[in-house]
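The structures considered in this document are given below.
Each of the next two complexes has chain A plus one other chain: chain B in the first, chain C in the second.
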Partner chain A sequence: MSNRTLPRLLQTPAVILLLIWMLVPLSLTLYFSFIRYVLNNLRRPEWTTPSFSNWRGFGNYEFVLNSKDFLLAIQNSLFIVGSILFLTVALGVLIAVMINKAFPGQGIVRVLLISPFFVMPAVNAVLWINMILDPVLGLQGLAVAGINDLIASLQGAPVVGWFFSLWPEIEPISFRATQTSAIAVIIMVTWQWTPFAVLIFMTSLQSEDQQQKEAAVLDGAGTWSQFRFLTLPHLGRPIAIVVMIQAIFHLSLYAEIEIVSRGNGNKNLPYLIGEFANNNIGAASATGIFAVILANIVAIFLLRMIGKTLME
Partner chain B sequence: MGRIVLEDVTKSFGESQVIPPLNLTIEDGEFAVFVGPSGCGKSTLLRLIAGLEDTTSGKIVIDNEDATQVPPSKRGLAMVFQSYALYPHMSVRKNIAFPLRMAKMSQSEIDKKVEGAAKILNLADYLEQKPGQLSGGQRQRVAIGRAIVREPAAFLFDEPLSNLDAALRVGMRLEISELHNRLSTTMIYVTHDQVEAMTMADKIVVLRAGNIEQVGSPLDLYHTPRNIFVAGFIGSPKMNIISGPEADKLGATSVGFRPEHTDVSKTEGMWKGRVGVAEHLGSDTFIHVHDTGLADMITVRITGDIAVTHGDDIYLTPQLDKLHKFDADGLRMA
Partner chain C sequence: MAIVATTTKFSVYGRPVLAWIVGLLFFFPIFWLVLTSFKTDADAVKPEFLFFFTPTLDNYLNMTENYDYWRFATNSVITSVFATIFALAVGIPSAYAMAFNPSRATKDVLMWMLSTKMLPAAAVLYPMTFLTKSLGLFDTHFMVIVVLMLINLPIVIWMLFTYFKEIPKDIIEAGQMDGVNTWGEVKEILIPLAWGGIASTALLCFIFCWNEAYWTVRLTTTEAATLSKLIEGNRAPEGLFFGRLSAVSAAAVGPIVVLGWFCQKQLVQGLTFGAVK
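Then we have the complex of A and B:
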């Protein structure tokens, strides 16, 4: 036995397991995406069992491409993921830098900051859409009503009344409406995932070299320059990690979309797959393959962008 | 110009006072070395001058202006840190240019100054590399380059050589001394290594527990140490210090004599001892002598070679005109 045979033999079970783990679902999805396979069809009962005799070629793909929701789903997927990434990284850096300095109650503030991350996604969505964003009963509705009341009472006031009577009544925003439901999803997921970014950035900030900062102070760098030229480059790697992990997670968002609008005008690819999978497994599988392709494109872009940072 | 005066400067961290009231003047163009064992407050003192720490009380005057409340960047001082503190994400060129960039200098002027500094420090070939790709000595030079381009009133060095290996340290020591000769700018240099202090300084400031034990030129300190602490700290190998009846005979509570000021004979002398370890360096021989009844160990230094081995009997005679006598308080007598 040569030197390498034994280690390879020992690795084999793990490699085989991983291969099965990945290849079986992927092959099945590919297989289903090329045949007619539905869960229930009274006229063509033979389609309800997967079989090569139901071969449809690229028919499922064509069907998905031509369905009215497909383009919207891709756009929405990218819009939601991109917005969440931008917001969580920006807020995460900001908050991490703010709480990195010692202040009284630091421990409690840190624990509180992390806590949103422990809320379940579905619970998070229910809380936000019903208690905060609801245009009548949520905080938003109460706040808008309060402001409107205040303006109405000021309109009758002497001297300044004319000024306030020019103001229109503020309309609360309905986040269940088709145009805004994606924004509601972005808000709630950002709230939930910012702590994750903060946590990672905070640990990284603590490893920042203090002598470098002192050198920068002596070199005449102000707070902003120190942040721009020292802290931000120092955070390059953790930002890359946060972006990668979150991109993977948020391309598969589902619970929030289901709860906010039931996909009404706000679908992403996973949600579209879910809808097709109610009956048309073939179309759902084809969408799944599109999702794999989209994820790969995103991954290539991300790796190009941040790979450099990680390699350094 | 770079005359730095400390007037009654103190520094406390909470309850503990690390620098009791301290007065010191460093003249323009002087190479001053703060030396002392670790924890003696020498780095704190340097950081006070740099402005990285606030004084608890007292005044720091730079070029006849009270700089106590002046922010660090406005004091016109440049500092070289022990860890080099280079900016890891920037190339060598950008590292050196950073203070100029912060000073909003024009790009052409920045380029000129960076090239100039790189030439002085032999860094021209490395300008586009990142600090991580450089050796310790090169990093040190980049840190010095970053200090030079600012044309500061004074350079502050915080143990800049302690992360280098011994051979490189000797080389960098020379380079820094040459740099001082060329720029004739005030330099304040902190080290715990008395060899660095002796070889580089115009003026050595020996510190212990925040107190200045003695200020003077290297040879002043070598020939006339003010107290036992300075006597033991300056010089290598260390001065032998004895007390007891033999010291009384010589007319002092404690008597010090340097290893190189001791005559050695195999046949006769003032004190008899037994050779422990003999270190033959070729040019010199260090002999560690035991069982003299004076101290645990007496070290002597002989120019050239002497044929002694472990266990031999040996006789020592201190050169009486070069004895250092100390009183009961450890202070030098007359």
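Then we have the complex of A and C:
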């Protein structure tokens, strides 16, 4: 055995485990996506066991493509992930630039700011949808009710009462409806992941060339042009990394959607798969393959773009 | 000159105040969760008790009765600890091999490992359920541990790889000259030198395992169910149990948030694979 064979062998367990983890379930998904396979069907009991004799070809794919939820789910997936990426990066850069310079209590602010990142997704969703965003009992509901009460009491006041009587009563927003629950998911995930972006941008800002900045100030560059031409380019690489890591986590976003959007039509691809999987395994598998294709497009794009910088 | 130009009134007073406001805003939901956990279920939804109320510990004292908290917590600890140990046991040799004996394929292997993370879990939802059920592993600690280990393995290997790469190759080679075998190299040179990196990798892996909410929810019912499953199962109380739900939620995230405070620096280096320092 040569000097290097053993070290090379050491990496095989990890490779084999990941290969099995990737290939076995995925090939089953591929197989199920081409056959008729349902969990319950009294008229056609033969469909309830997977078998090649139930071959359906691309039938499941056609079924999924024609279902009205499919395009909606893709659209929703992209809307949710895209919004989260945009908001976390924008807020992250803003906050990082703001708290980068030393000030009293910087360490404590850092700790306060990073905390949401460690909250488990299930708690995150339960906390926001119930205690904060609930239109009646959450903070939102209480705040809206408080403002309405205030306006109502002002309407009875002398002289200015007529002015406040022109004010409409404020309606709280229900975040459990189809349109708004996607917003709720975006709010809670942005809350959780902005701290992560801030932390990374802050770390990167500490290595920013200060001499260059001072030279720019001497040349009369304002705060904005310093930010635009020095800070932002410096953050290019960390921004790319934040986008990639978040894309990895959010493409399979599930717990938040499941908790917020019980049956109200706000579906993303993972949610749609879960719904199909209650009975129609063939359709669930075909949707799964679509999800894999979508993830691959994103992955190839991101790894091409960012992978090289990681390897340097 | 430069100093004069940057020391405006805003940067002396405005910036710190703004920073504190942002920090407090982000922390507020967690503060609110903890605050609500000390209210009775009835008080928790009354506006007059928003900030001033008679605090009670009942929600915490009745956690076992209301939610069987400790059983789920024990499951979370068992599965996260063992998944982390196994991930390190497989990850350390692998990262060692790639960092110190790289081949031409090493880069591709690393990229491929990362790409397995991008495979949407939902795509293999039914096959995984099918496989675990037919192997009799559904709702067992073993299965949860294996899955948690596998989904975190790519990140673990990447993190370890970036830490190991920092160690000068000469030290390892000097060991080889002295006739130390591979196991000796790992045990006597690598692990002592990379101890900090290994510890932060373990911590981060543990946090991810603890918070995982797809497979732990889908592959368990009662026996091996973790805290994610517990909270997910009680997700829609419609205002009835805000107090007790807050208490159990705070108990589920508290230890991890505190743990996270201690490893935030390592988190940056680890999760950006050493690209941001």
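In this section, the second predicted complex is superposed on the first by the 274 of 312 C-alpha atoms of A that agree within 3 Å, B and C clash if a C-alpha of one lies under 4 Å from a C-alpha of the other, contacts with A are read in each partner's own complex, and residues count from 1 in each chain.
Criterion: a residue touches a chain if its C-beta (ideal position, glycine included) is under 8 Å from a C-beta of that chain, and two chains touch if they have at least 3 such contacts.
Just so it is clear, the structure is predicted and the values come from calculations on it, not from any experiment.
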Open item on the list: With both complexes overlaid on chain A, does A:H234 touch chain B (first), chain C (second), both or neither?
Closed with: first
Open item on the list: One more residue to check, A:I114. First (chain B), second (chain C), both or neither?
Closed with: second
- [ ] Would you check which partner chain A:G57 touches, where first means chain B only, second means chain C only, and both and neither mean what they say?
- [x] neither
Task: chain A residues touched - chain C or chain B, whichever exceeds - done: C
- [ ] Tell me which partner A:I281 touches in the superposition: chain B (first), chain C (second), both or neither.
- [x] second
Open item on the list: I'd like to know which partner A:L218 touches here: chain B for first, chain C for second, both or neither.
Closed with: both
Open item on the list: Taking the superposition on A as described, I'd like to know which of chain B and chain C A:Q11 touches: first, second, both or neither.
Closed with: second
TODO: Please identify the positions on chain A that touch both chain B and chain C, taking each partner from its own complex.
DONE: 214, 217-218
- [ ] Enumerate the contact residues on chain A facing chain B in the complex.
- [x] 209, 211-212, 214-222, 225, 229-230, 233-234, 236
Task: Complex contact set, residues of chain B against chain A - done: 50-52, 72-73, 77-79, 81-83, 85-90, 98-99, 102-103, 146, 150
Open item on the list: For a test of understanding, state which residues of chain A touch chain C in their complex under the given definition.
Closed with: 3-4, 6-11, 13-15, 17-18, 21-22, 24-26, 28-29, 32, 95, 98-99, 101, 103-106, 108-123, 125-132, 134, 136-137, 139, 142, 145-146, 191, 194-196, 199-200, 203-204, 207, 213-214, 217-218, 237-238, 241, 245, 247-248, 251-252, 254-255, 258-259, 262, 269-271, 273-274, 277, 281, 284-285, 288-289, 291-292, 294-296, 298-299, 303, 307, 309-311
Task: Touch list for chain C against partner chain A, complex - done: 1-2, 5-6, 11, 15-16, 18-20, 22-24, 26-27, 29-30, 32-33, 36, 45, 47, 50, 90-91, 93-94, 96-98, 100-101, 103, 107, 109, 111, 113-131, 150, 153-154, 157, 176, 182, 207, 210-211, 213-214, 217, 227-228, 231-232, 234-237, 239, 242, 245-246, 249, 252-253, 256-257, 259-261, 264, 267-269, 271-273, 275-277
